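Take a look at the following structure, please.
For clarity, chains are labelled A, B, C and D in written order, and residue numbers in each chain start from 1.
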C-alpha cells in the first residue's frame, strides 16, 4: 500500500451496497400510495419555445387531462373532436382485441411468441394521431398502436405474426417485429435501444435535406439503461435534431422494476434535463394528455426547436411476453391497484360524459371490432400459421440480405437445394 | 405515403441541421467574455448529505477559492497547511517539468509519443491529496499528477515512456498509459471511457466487501459522449456506489471544442443531475478549490452517501499529444486569454500572499525540481530508450497474457524463436 | 448420482462456488429476485443475499464494465448476458478491457470474470435469440471460450471457469438446457434425467478448461463439434452408419489440439460442424489447424457444415439449422471423396 | 496521370462522391473543421458546408447509429471511425443493425453506409492504434469488407463502396497512407509519388467490390494477402527468390474465390498472410476455402503467417509484425514440404 503522510481521521463505517427493491413482491399487498399523482389539469402548458430550464418541473410532474369524473380539464385538454376521440377509442379497443386474439393464437401453437400492450394502448395510439404522414417512428416491440391507428391492415400484422406465406417479412423476423416504411414504422429490432439513436440520425437527415418531416424514437423504461439511449441524447442535444424521444415507463422491464433502471433520479424524464433537452412527463393512460403532449413535442421538432423527451407513465398490465409469468415477481393484484386506471375505460368515460358515447355504443363497437379482428385472423390463417399451411420459402433465407446475392450465398443456396 | 385524413395546417419552413461551432478559429481573436466566472468564495458549501435536488445550482456555477489577489476566500477555502500547499505547488511544478522533458525526449526520438498536462496540473495533483491510501483511481492518460502527488518514482514513469528494459509494463503499452495498483492508479486504457464504469464496479466491490475504500473515475469532456459514461452513471446512481466521477473539462477533445460533446446542456456537471447524482463544478486551475471539492465528494462516498459528479473547468494549454498541432483549429493565443489563469502561478501567488513562499524560493524550487527530473531521466536512459539501449524482451509479447501460457501461445513463442 | 438438467447443473456450479468463495458474485438482467429468464440463478439471491446476487439495469456494457472493476478489486464476478445475441454492447469491455487488463498492466491488475450467455438456435427465437458468436471471442487474444454440451460438464467447466484467473466466456447452448438435442425437432426431447451425462455430482468438482472429450469412438472419420452439434454429430453417425469418431471440444480456446490431431491422424478424414454462420466461423480455424497438422494423413478435403451465412430466420429455422441430414451428407461425401 | 498519397486518394473519393450525389454526407470525430486526424477529410467541410461534413461527439455508437438512421431516411453516409481499434462501441450497431436492416425488413429499409477506419500496425501505436479487426466483420453476414492496398484502388473501391446499396466496412491500412510499406521498417518509405499505383485518375471511377488483383505472377506458390501485407509478400518473394504469385484480395467479402482457386490450382502451394492475430483470423477462412476447393492440387499444407495471438505490443512492434523474414520462412518451408 502506498504510504501517505495523512492517516484516516476516524475509521469510517463499512460501506454497504444499496440494491433498490420494489416495495411489494408476490404475497404482499400492492401499494402505490407513494406515487404522487398530480390533479388533472394542474400542470402548466408552456409555449413550445420555452427555455428548457424554465420548464424543468414538467420532468417531475405528470401532465393529466382526464379527471376522475371523466372531464377533460386544464391547459393540455386539447381540441380533439368527438369523432377523433371515438376513432381513438376504437383504435385502442382494436389493439386490445387484436392482442387478446394473438395471445390466444400463440397459446394454440399458431405462432412462437407474442407481446401485448394491455394497459398501454393510449400511448402509441394517441401519439400516432399527433404525427403527420411522412413522419417516421422508430418503435420498440410494444408500439403496434402506431400501426393500428394509422390504418395498417391487421391481416398484414397477423401474416407477420404467423410467419405465413404472405408475411411481409418472409418469415425472417420474430412475431411482432413489424416493418412498414409506408406507415412511418421503422423495422423493429430485437436488440434493445438501438433504434433510439437511429431515430436521431433519421431526424438529422431530414434536417440536412431541408425536409419538414420529423422522427420519433421509442424506448422502454428498462432500456434507457442501454448505451444507445445516451448516444441518442448526446446527438439529439448537439445537433438539435427534429426528434421526439419517447420513453414508455410501464414500471417493469421483464421482472425488473423501474427503480433499477432509474436509480437515484426521480423520473426518467429527468435524464433529458442533463442534456438541456426539454422533458415532459405525461399520464400514459390518458389518451387526451398523450395526444396533447405529443402534439407539443412534435410541433417543437417541426419548428426546428430541437428534441423533446417525453416520459409516458403507464403500467404493463400483462406479462412481458408469452414467455413470461409475472406472478413470479409481482403481486397479481398490482395492476388493479395502479392509480392511473385503464386507458380504454377512461376515454370511454370521457366520451360518455361528453355525450358522444354510451354503454350500448361501446358494446356494439366491441362486437364490431371483435368481428373485424376475427375476420382478419381468418383471412390470415388461410395463408398459413407458423407450423401449418402456407409458409415462406427456404429461398428467403438467402434472399434479401444484400441487394445482389454474392457468390458464396449463391453457392450455399444451391447446397441447400432451394 | 400513408394517407391520413388530416393534412398539414400550414406548410412549415424547411428544417436545418444545427452544428455547434466554437466562437473563434485560427485567425480570430480569442474571446472568453461569454464564459461566466463567479467570484471566488461566492458559491455555498452544502453539507455532504444535502439533497441533490437542493444543490442543483452547484452544477451550473464554478466553485472557486483563490481570488485575483491570491487570497483563499469563502466556504470552500479549506484547511490545507502551508506545508501541504508548498508540497502541492511542488507536485504541480514537478509534473510540468516532467512534461517538458518528456515532450522534448519525444521530439528527440527517445520515445514514440507523449501527452502533457500543461494548464491542468492542479486537477490530478490536488485530487490525489484528498484521497486516502487504498483508494483507487481509474484515470485517463491525462492524470499523471495522481502518480506524482503520491510519490510514484518519476524514473519508473520514464522507464514506461521509454519502453526500456526496466519498463514496469515490459514495453507492451503506449507511453503514459501507466499502471500502479500500489499507488491507487488503475492501468490506463487507450480506449476512451471504458474506465469510468469500471471505477463504479470497483466501488461496488468495495461496498459488497464491507470495505471503506472508495474509487474515483476520470474522464475528459469529449469522452463523456461515449457509452460507458452513461453505463457508469446508471450503475453508480442505482447502487449508490462509493465513487467520485470526475469530468475534466479542458475545453477540447483533440480538435473538437467542448460544445460538440456538451450539446444543449449548459455544463457537463448537468449530466449528473439527470441521474439524481449531486454534481459540482469547480475551478480546475485552483488547487485549493479542487482539493476542497474533492474532499467533499470523497467524504460523501466514504460515508456511503453515494456518487458525486465533479466537473473541473480547465483548459488544455498544450497540444492534445505529440501527434497534434492545435494551431490548425484554434487561435494560438487562446490559452493566454483563458480566464481561469495558470494553476501553478495562482498557487504560487497564494503562498506568497500567505507569506509562505517567495520569488527566490520559487526559483530555487524550480531549479531543484528540474534537477530531480533530469537525474531521473539520466537514470532511466541508462536502461534504454525506445530505439536504443536496453529494451524489453520479445518473450514479453507472449508472456503475461494469461496467468498460464496456453499451448498455442507456447507454439507461437517457439516459432518466434524467443 | 442425482440427475440434473443443464440449468440445474449451472445453478449448482454457481451455488457451490458462492458457498466456497465469498468473492464470487452473480448479477445480470433479471438474475436476482426472479432467478434469470432461464432460471439459471434461481434461489441464489435468497441464499446469498442481495449484495452477492442482484438484478442489474438493462445494460450489457455496464454489467461487464462493472464486473471488470470488481475483478480488479479482487472479487470474482460471474455475470449473465441474457442472450448471446445481446453481448454486443459489452463487446468493447470484453475484448478491449477484460481480455487485456493483465497484459497491459503486466499483471498489476487481473480480470478473473466469467461471462455466461445462452447461445444457439432451435427455439424459434429468430435472428436475435439464436446466435452463436463464439468466433468473435476466439479471435480475441486474452479470452478463453467454453461451450459445454451436457450437465456434468457444464457444472465442472463453470466451476473451473469461475476459479480461472483469467476472463472466460461461457456459452450455454440453450437448446440443450432440458435435454440432449440432435436436430430432430419433430421428435420429443429426451430429458437429462434419462441421460448418463445428466449425472451431476453434488459437491465441488471441476472439468479442466482445454480438454476435449471423445463422445463416440470411430475409425472412419473424425467429427469436430461442440455444444448442440455434438448430438447432431452422433445422430448423423448413427443414421449414415459411418463409423465416425465424435470429438466434443468443450473448450474452444485453449483448444485441445492434441486430441484433434491424434484422431484425424487415425481416421484420415475430418468434418467440422457448428451452428454459427460458416464464413470466418470457428470451423475455419479448426480446418486450418487440421490441414496444417494432419496434411499428410488426410484422404479427403475437410468438410464444414455450419449455419448458412445469413441471420437466423424465424420461420425457416429448421432449414437453417445444420441438422443430421446435412451433416450426414457431408459425412457421406467425405467418405466418398 | 497525377500521383496521390492514399490519404489524398481517399479524400478524392469522398470529394467526387459528394459532388455527384447530394445524399453523400461525411462525419466523424475531428473530421469536420480539422479534416480528420489523418487528414482524409481535409477541405470537405469548407467545400460542402457544415451540414454535409461535420464533427461528431466522441461516440462511435452514435456515429454509426445516426448513420444508419440517415441511410434509412435515404442519405448515403460515409463515416470515419478514428482508428479501427475504436470501432468496438459501434459493433452492436454495425453487426446487429446495419448488417440486418434490409434482411429483417425484407427490403423495406436499407442501409447504404460506408464505415471507414484506419487499421494495422507499424506506427508504434501499441495495442489500441494497431488492430486489424477484419475477421470480426467477415463473420457477420450482411456486411461487405474492403481493404485497399494502394491509392488507385483506394479511390475506386471507396467510390464503389459509397455507391453500394449495402453497408461496407472500409479498412484503410494506415501504414500505407504515405507509401507502399514492405515491413523493412529500418528503410525509408518510398512515397506513392514514385509508385505507379499512386496514379489516381482525377475523375469519377470505381473499382468493383469482389474482384482480386494479381500483383505478381508466379508459378511456384500462391500468396494470399491484402493491405500492407501485399508489399510484404512481394518483398518476401523477391528476397527468397521463390516465384510466388501474389494475390491482393482487395475485398474480403464478397471474396474473389475464383481468382484464388485458379491460382492455387496452378501453383499447388499456398501461403496465407495477414497482420491480424492468427487464431480465427480471416486467414483461417482462406485456408478452409483453399483446401476445400483445391485439395487435390495441393502439394503442401497451406501455411499461415499472421500477427501473434497477443495484443499488439508497443516496443516489440517489429517482433510482432509478420515481416518479410517470417513470410519468407513460410514460403521456403512450403516449397520444401
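The rule we apply is simple: a residue touches a chain if its C-beta (ideal position, glycine included) is under 8 Å from a C-beta of that chain, and two chains touch if they have at least 3 such contacts.
Because the structure is predicted, anything quoted here is derived from the model rather than measured.
> Measuring between mean CA coordinates, which chain is farthest from subunit D?
Between subunit D and every other chain, the largest centroid distance is to A.
> Top contact pair of chains, counted by C-beta pairs?
A-B
> How many angstrom lie between the CA centroids of subunit A and subunit B, rounded to a whole number?
40
> Averaging over Cα atoms per chain, report the distance between subunit A and subunit C in Å.
35
> When the C-alpha atoms of subunit C and subunit D are each averaged to a single point, how far apart are the two points in Å?
Centre separation, subunit C to subunit D: 31 Å.
> Residues of subunit C that contact two or more other chains, please.
Expected reply: 51, 56-57, 59, 61-62, 85, 88-89, 92, 96, 103-104, 127-128, 141-142, 253, 279, 309-311.
> Can you list every residue of subunit B that touches 2 or more other chains, as numbers and ranges?
16-17, 19, 172-173, 177, 189, 191, 204, 206-208, 225, 227-228, 230-231, 234, 238, 260-261, 263, 401, 408
> Within the complex, which stretch of subunit B touches subunit A?
1-4, 6, 8, 11-20, 52-53, 132-134, 150-151, 182-184, 204, 206-208, 210-212, 214, 225, 227-231, 234, 236-240, 242, 259-266, 270-277, 302-304, 306
> Would you tell me which residues of subunit C are touching subunit D in their complex?
My answer: residues 85, 88-89, 91-92, 95-96, 99-100, 103-104, 127-128, 135-136, 138-142, 253, 276-277, 279-285, 287-288, 291-292, 295, 298, 300-304, 309-311, 337.
> Where on subunit C does subunit A make contact in their complex?
Residues 29-30, 32-34, 37, 50-51, 54-62, 85-86, 88-89, 124-129, 278-279, 308-311, 313-316, 319-320 of subunit C touch subunit A in their complex.
> Note which residues of subunit A are touching subunit C in the complex, please.
Per the touch definition, subunit A meets subunit C at residues 16-17, 19, 21, 25, 112-113, 163, 167, 171-175, 177, 189-193, 222-223, 225-228, 253-256, 260-261, 263, 323-324, 328-329, 386, 391-394, 396-398, 401, 408-409, 412, 416, 418.
> How about subunit A: which of its residues touch subunit D in the complex?
These residues of subunit A touch subunit D: 136, 138, 168-170, 172-173, 177, 179-181, 186-187, 189, 191, 194, 197-209, 215, 227-228, 230-232, 234-235, 238, 400-404, 406-408.
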